[in-house]
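For reference, the structure is listed below as structure tokens.
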Amino acid sequence: MADRHASIEPVGEFARVDHDRAARQGMPEFVYAGHKTPEQVAAIMTRMVERQSYALASRATPDHAAAVASALPAACYDPTSGLITIGRMPSQTAGLAIVVAAGTSDLPVAEEAVGLLDFMGDRVERVYDVGVAGVHRLLAVTDRLAAADVLIVIAGMEGALPTVVGGLVDPPIIAVPTSVGYGASFGGLSALLGMLNSCAPGVTVVNIDNGLGAAAAAHRILRRSGLRLSEGNMPA
Amino acid sequence: MADRHASIEPVGEFARVDHDRAARQGMPEFVYAGHKTPEQVAAIMTRMVERQSYALASRATPDHAAAVASALPAACYDPTSGLITIGRMPSQTAGLAIVVAAGTSDLPVAEEAVGLLDFMGDRVERVYDVGVAGVHRLLAVTDRLAAADVLIVIAGMEGALPTVVGGLVDPPIIAVPTSVGYGASFGGLSALLGMLNSCAPGVTVVNIDNGLGAAAAAHRILRRSGLRLSEGNMPA
Amino acid sequence: MADRHASIEPVGEFARVDHDRAARQGMPEFVYAGHKTPEQVAAIMTRMVERQSYALASRATPDHAAAVASALPAACYDPTSGLITIGRMPSQTAGLAIVVAAGTSDLPVAEEAVGLLDFMGDRVERVYDVGVAGVHRLLAVTDRLAAADVLIVIAGMEGALPTVVGGLVDPPIIAVPTSVGYGASFGGLSALLGMLNSCAPGVTVVNIDNGLGAAAAAHRILRRSGLRLSEGNMPA
Amino acid sequence: MADRHASIEPVGEFARVDHDRAARQGMPEFVYAGHKTPEQVAAIMTRMVERQSYALASRATPDHAAAVASALPAACYDPTSGLITIGRMPSQTAGLAIVVAAGTSDLPVAEEAVGLLDFMGDRVERVYDVGVAGVHRLLAVTDRLAAADVLIVIAGMEGALPTVVGGLVDPPIIAVPTSVGYGASFGGLSALLGMLNSCAPGVTVVNIDNGLGAAAAAHRILRRSGLRLSEGNMPA
Amino acid sequence: MADRHASIEPVGEFARVDHDRAARQGMPEFVYAGHKTPEQVAAIMTRMVERQSYALASRATPDHAAAVASALPAACYDPTSGLITIGRMPSQTAGLAIVVAAGTSDLPVAEEAVGLLDFMGDRVERVYDVGVAGVHRLLAVTDRLAAADVLIVIAGMEGALPTVVGGLVDPPIIAVPTSVGYGASFGGLSALLGMLNSCAPGVTVVNIDNGLGAAAAAHRILRRSGLRLSEGNMPA
Amino acid sequence: MADRHASIEPVGEFARVDHDRAARQGMPEFVYAGHKTPEQVAAIMTRMVERQSYALASRATPDHAAAVASALPAACYDPTSGLITIGRMPSQTAGLAIVVAAGTSDLPVAEEAVGLLDFMGDRVERVYDVGVAGVHRLLAVTDRLAAADVLIVIAGMEGALPTVVGGLVDPPIIAVPTSVGYGASFGGLSALLGMLNSCAPGVTVVNIDNGLGAAAAAHRILRRSGLRLSEGNMPA
Amino acid sequence: MADRHASIEPVGEFARVDHDRAARQGMPEFVYAGHKTPEQVAAIMTRMVERQSYALASRATPDHAAAVASALPAACYDPTSGLITIGRMPSQTAGLAIVVAAGTSDLPVAEEAVGLLDFMGDRVERVYDVGVAGVHRLLAVTDRLAAADVLIVIAGMEGALPTVVGGLVDPPIIAVPTSVGYGASFGGLSALLGMLNSCAPGVTVVNIDNGLGAAAAAHRILRRSGLRLSEGNMPA
Amino acid sequence: MADRHASIEPVGEFARVDHDRAARQGMPEFVYAGHKTPEQVAAIMTRMVERQSYALASRATPDHAAAVASALPAACYDPTSGLITIGRMPSQTAGLAIVVAAGTSDLPVAEEAVGLLDFMGDRVERVYDVGVAGVHRLLAVTDRLAAADVLIVIAGMEGALPTVVGGLVDPPIIAVPTSVGYGASFGGLSALLGMLNSCAPGVTVVNIDNGLGAAAAAHRILRRSGLRLSEGNMPA
């Protein structure tokens, strides 16, 4: 176990980077920029890139992006998803993830999921604007959804989309409630409760607006599904 | 206004029957047995029948039913809906209400709605067990639903059924959340929030398990729709 | 069903316009601007107007309005209701909707309802500032309310207005809680719960501040009430 | 202050009776039987009666009543209000309290308030079954309500009655939400929130089903209102 | 009743001033500026002053104050309480109200109560910064509190002050929870619940931060207490 | 699509069995006995067995079990999990699911998951009583957990177990909160929130006590993982 | 670390006893009987007693007690606290804990704390029925409370007692909210929030009704306070 | 008691400084700047420093700091913790407090605790960024944590860190939930509930983000632990 402790490295006084996480969890530590200063984010990502050549931060504002870019010119920032990425993990999987979103307003969450899957080297496709109030739009893509190895299904308001998808096709379904809505949507609580109480069996749920978590869960599934790559391909 | 006050009649010390309600609201006062003793329910219904020949109590237990039956032998009790009825209102409407329920467990609420509509002389049909996890069951009855003058759509768990129905057809939709579910359904709160946040425009909602209220709302709509009967047919 | 799928048209990568919705639901798709960028709103409305000559967006800010106006000079923006409208649907109904509001502060929600009904070609009147703490103001308009085919009743704070109205007159009542209030009003939750628990039978409820949804529900009712227009008048 | 401490007297190991409370608060300590055993209630009331000749316990079941009756044969038990009383306080006030209740189901709470006021020697009258869904019943008693020195207004469901009363007349109003209702009434929370958000100024609220607390508050007001009795009449 | 209706006067399209309210409720209508525009507030206050020479608006910002001042130069604005006042009602009462506040942070709410009582011509005193964590500060003023005809007791955080005061003295107590606090104070909910569950009998509660409502309730009590003025003094 | 509709079969008036569900979702319809009568459960299972030779009901009481046993003597009832099973599905998967439970009190939920996986022919193992307050118990089984294709991790109280597991190993993790706890556990809400906010990326969550849903989700994953069986093995 | 794993011992299939916990946490594992069967509790306690001569179970019903007594005749059961104890830990501490309770109804929680401290060999005293509505009762015992090494302060309803105690004396304070109350006490939530928002600095809180947890926390403090015993006295 | 009252000193009209608090509670009054104006904070701190040479304000913004600095040039401001300090209390304790934080984002709360302990003269160390998703980081510091006299354990999101720490070591544990998180973390509620429901016995909890309260509680414990200083050292 001594090896593991050796791989934990302090960054200033405020963080310890856990370089073994990729080996244990199949993915490295990501930087949640939401509650950190631009300087903290830049310092942590710099330390990460020195060891493993790639890094990702989520919920980043343009200020975060600017601080990272001046330290790491190779950094890319996508304002829709709020992701800053440097490099990309070697691909470990062969299956297909599809990200399904109910409405235009759910795009930031959907793109966060797409962006992380892409960063981790997973194959991912988009199916957007297929809300349940127009169920024919959804029926038109049923066969395509059935062919996926994992589905990430994103919706706000009443959050019914994963239930309807779960009744139509058999891949694993990760439901993501979004804070899209107003009034009694209570910041996404309504969609969250709708997904937890889904009458379609086998729907699992992540936190409100948590596109990142959904992509991480999908990656865990993809690593077990379809043609698996050799252990030697695992990032270190 | 003196006439109106004259028509309010005390029952013992605990109630005042509002005999003008039918004229004002298009339906008489109903007796909510839930928080009343069997004796209170029997006394109130007796006074009502003396004036208008019909009466209805909801949320009645077998104990309520027995007390009413010994005072009013013509009373009928339906244990599924929990309704006690005596007689029936003269019919005022010509349109059609359809009661749609997601699952077998929603039957008590659905039958409460059906029973009240029937008591008020409205035309009503049932479409049961058409939950959204098997959306094909619902698509099979779309044309029938589209022909109704008002739809009462009942569901527990995630409460998505009214949203899907509202996306398929154009009649007025009264959604009824039920307390069917467990865990994070929170006694029907999840279904209630789902319905209030429906992404299908024009879905309205009543209280959890409130089949009675949904039927009353449907009756208000039916009185305005299709071929209207003459004012002279109104019950007094 | 192929016809239906053909009528779903992508707008950029972020939206699919559902042109058949008017046929299925009796009203077209509306654009909820709240979570969309000005550019997205302008693009979607432009595509809609190309097909059907009219379009409506809700919860629009002046920024949304400016973006739409430069693409579609015929667009009208009402800052009180937050509605952007282009053209107007052909009228399908003959009945009367009345929008009743408890206080001056409820105006934005009330005007959203009035604006949508007007856009859909429905006949609509206003009765404002008739809160229950001065019940005589309400009694003075009872006869007028009784003559409506549907009532939209809007209130914040304790949300008692629909209950009192529901006890006075018999038209269908759609209650709209508003977020007007403070402290334990919890952003409109108090009014919402008050309306759901109304002791007047037959009151239905929509989401907090959802004037649009109330108008859509009223339109569903008006299409079934009074003199109905021929099917040929329906917008496509 | 030594005198005050001397007047605190232990009862077994589980209670200390505060005999000076009447002097400080204008009313003695009452026994809340709800969470106590019959034996505890009987022991505490026995000790109280030894000092001051009267005592009252609330939320008492028949079991509590039986235990008290065998220790104190003069005890009276009213099953509707759940009050056990022994004797009666000397009257301290001359004003009038009126207890107003919305429906038959609110009787237990209303009678708890009436019973305590009567026990404390206050003048009290009842006005029951005047819910806001039939506002004419309420208008018929407006003049009577206006003549009271304090009003206790009790309602479940949406809890709108105190608001309407508060808009009609000027006495102090103590609103009591009850747990009457179901579904989204959440055990009286809906009525509580409705009353706290009342748009009629000057309505105050006590806990759900707390008839006792409302009567205690009314007693505090009555001691300050109308013709005040001499300090010498105060119970000790 | 025609007289009453005659006294309801429209202001633009957005308000109806209820000039009879003072006669019915013992105080005139106040203007809640919180959800109104500066122009609306100025228009409504102008209309009020034309009829009764005095007017009051609450929750006013400096923008509201400026708009009113340019229409009504006699208007006074107090930024701590957020009150705009013009003139003052003729005094109707002789009793004493004391406003008790737990901490410095509760001042805005306390001053709103003081300001309204002063505007209505009631006698009012302040006792501030006597929180329960230093109970000796409170004991030092017990005799003064006992001499009041009504107490308004204001606290945030755990909201325990009214309970301790209610155990010490016998006047009527109106508790006002404030939104002072953070974390699990949930915007004043914690203080509100603490006050509703007070173990001191006879404590009544108003909405969070509702200094205005507390003063209105105190005014209702003062009108019934001590030496009452003749009916002829009542404002019209 | 006609084929699909043909396969929906009514049971009495209260249910429609969806025999195609196995083809669409990879598992048949299960009977949730919780809200159904013993007679309804027996009737539905009888109809199912006639078509597909196996059936499963969850949340069954001994009364449900007795009714089913008299109709279907081959039925097995496990009182710990509350499952009634008849026959078993042909196995479709080769991977391994491990059910991990924090404490003895979580057994009913864990056994519901184990029982359903076993019924569906999946390979499943148990690791029980490894709560985070004794993290060494968990570390002792880390290698075993890492070898699974999917983990179902069950905990009540603070719900921290899935987070710690998710930080140690890389398989997909389905977290199940249980209602084990008291006070501020709020019937499992605390564990549910803890799991949704897990700081370990890639943890997904199902409803409180929903062992069945977790097993269904695991089955969806197993069907995609490891050696996949031929489509011909799929149950019909 | 191998030693530690060796000391984890399975009990049947449903539990693993963690015999090293006393060394790590300063107290052994306790058995929470609340969600376990009588047979499970008896089996676990039997295994514990074989190793360490003492054991304790909480939230035990008479049925649990009977099952344990027939396996372990030396077991003692106290129905007020719900504790089953066998033997007693060797004393490790010299300081004094005082358990302070607001009312008679809080006794079960207070006695659970007293019973566990006594079982662990700690010195403990009781001060009961000193609620804040009679603050003089509390002031009378201030000096006694100031002399304690740790205070456990227990209250339901508004939960103000720990705040007032925390303002009077300086020992560490562990506040325990109880579910005593009704209506808006929401099963102890009100008291819990009151304690978390205490304006007295340094008050810490445990779960609702969690006398056991409070005693465990007090034990952790006592082990660090006053005269500490030698490490050799530690139980194994 | 006269002495005590003499030591309460008014500051302007808005505050009373309680100079005896240090004697009663072992620490002086702190200034919560959060809801106060810069001028109020400067005035109160000035008055405090005149009497006791040291003072501390929490939740201070740069504006607060500037106002204090111009009045009291010796004031220090730490923007991370939000503390303004002037001087330092004489040390009263000899034990060791360790502040443990789960992540970088929890720093402001952790530093508030560290800063107050330091101000009160207590010995304090930091262990940061040891979240439970990488439990090996935590195991690496177990021995160090076991040597503390009190642990303050800070975490957001699911709040599991105190539970895992509580299972590893035996010092008293004060858990601090933080508002770090998003979606269903509900501003720290999720972490708060997780900590209150900890399955590790003896964990106590303070309000969300309440680093100050945790340090005050730790100070109460340190005053009782290890080598205690003579009473003569107590600050006045």
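First chain written, first letter: the chains are A, B, C, D, E, F, G and H, and each begins at residue 1.
Everything that follows uses one rule, which is that a residue touches a chain if its C-beta (ideal position, glycine included) is under 8 Å from a C-beta of that chain, and two chains touch if they have at least 3 such contacts.
If you're wondering where the values come from, they're calculated on a predicted model, not measured in any experiment.
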Quiz item: Tell me, which chains sit next to both chain A and chain B?
Solution: C, F
Self-check item: Shared interface numbering between chain H and chain A [over half = same, under half = different]
Solution: different
Practice problem: Go through E-G and B-F and name the pair with more C-beta contacts between its chains. | Solution: E-G
Practice problem: Quick one: point me to the chain whose Cα centre is farthest from that of chain D. | Solution: A
Quiz item: Of all the other chains, whose mean CA position lies farthest from chain G?
Solution: C
Quiz item: So how far apart, in whole Å, are chain A and chain E when each is placed at the average of its C-alpha atoms?
Solution: 51
Self-check item: Geometric centre distance via CA averages, chain H-chain E, whole Å
Solution: 36
Quiz item: Which residues belonging to chain B are in contact with no fewer than two other chains?
Solution: 134, 139, 166-168, 183-185, 189, 192, 196-198, 200-201, 207
Exercise. Chain pairs that touch, all of them, please.
Key: A-B, A-C, A-F, A-H, B-C, B-D, B-F, C-D, C-E, D-E, D-G, E-G, E-H, F-G, F-H, G-H
Exercise. Would you tell me which residues of chain C are touching chain D in their complex?
Key: 102-103, 131-135, 139, 157-160, 163-164, 166-168, 181, 183-186, 189-191, 193-201
Practice problem: Sort out for me which residues of chain E touch chain D in the complex. | Solution: 24-27, 30, 95, 149-150, 166-174, 192, 196-198, 200-207, 212-214, 216-217, 219-221, 223-226
Self-check item: In the complex, chain C residues that touch chain A
Solution: 1, 4-5, 8, 13-16, 18, 20-21, 32, 34-36, 40, 44, 59, 177, 179, 187-189, 192, 207-210
Self-check item: Residue ranges of chain D in contact with chain B within the complex
Solution: 103-105, 107, 126, 128-130, 134, 136-137, 139-140, 180, 182-185
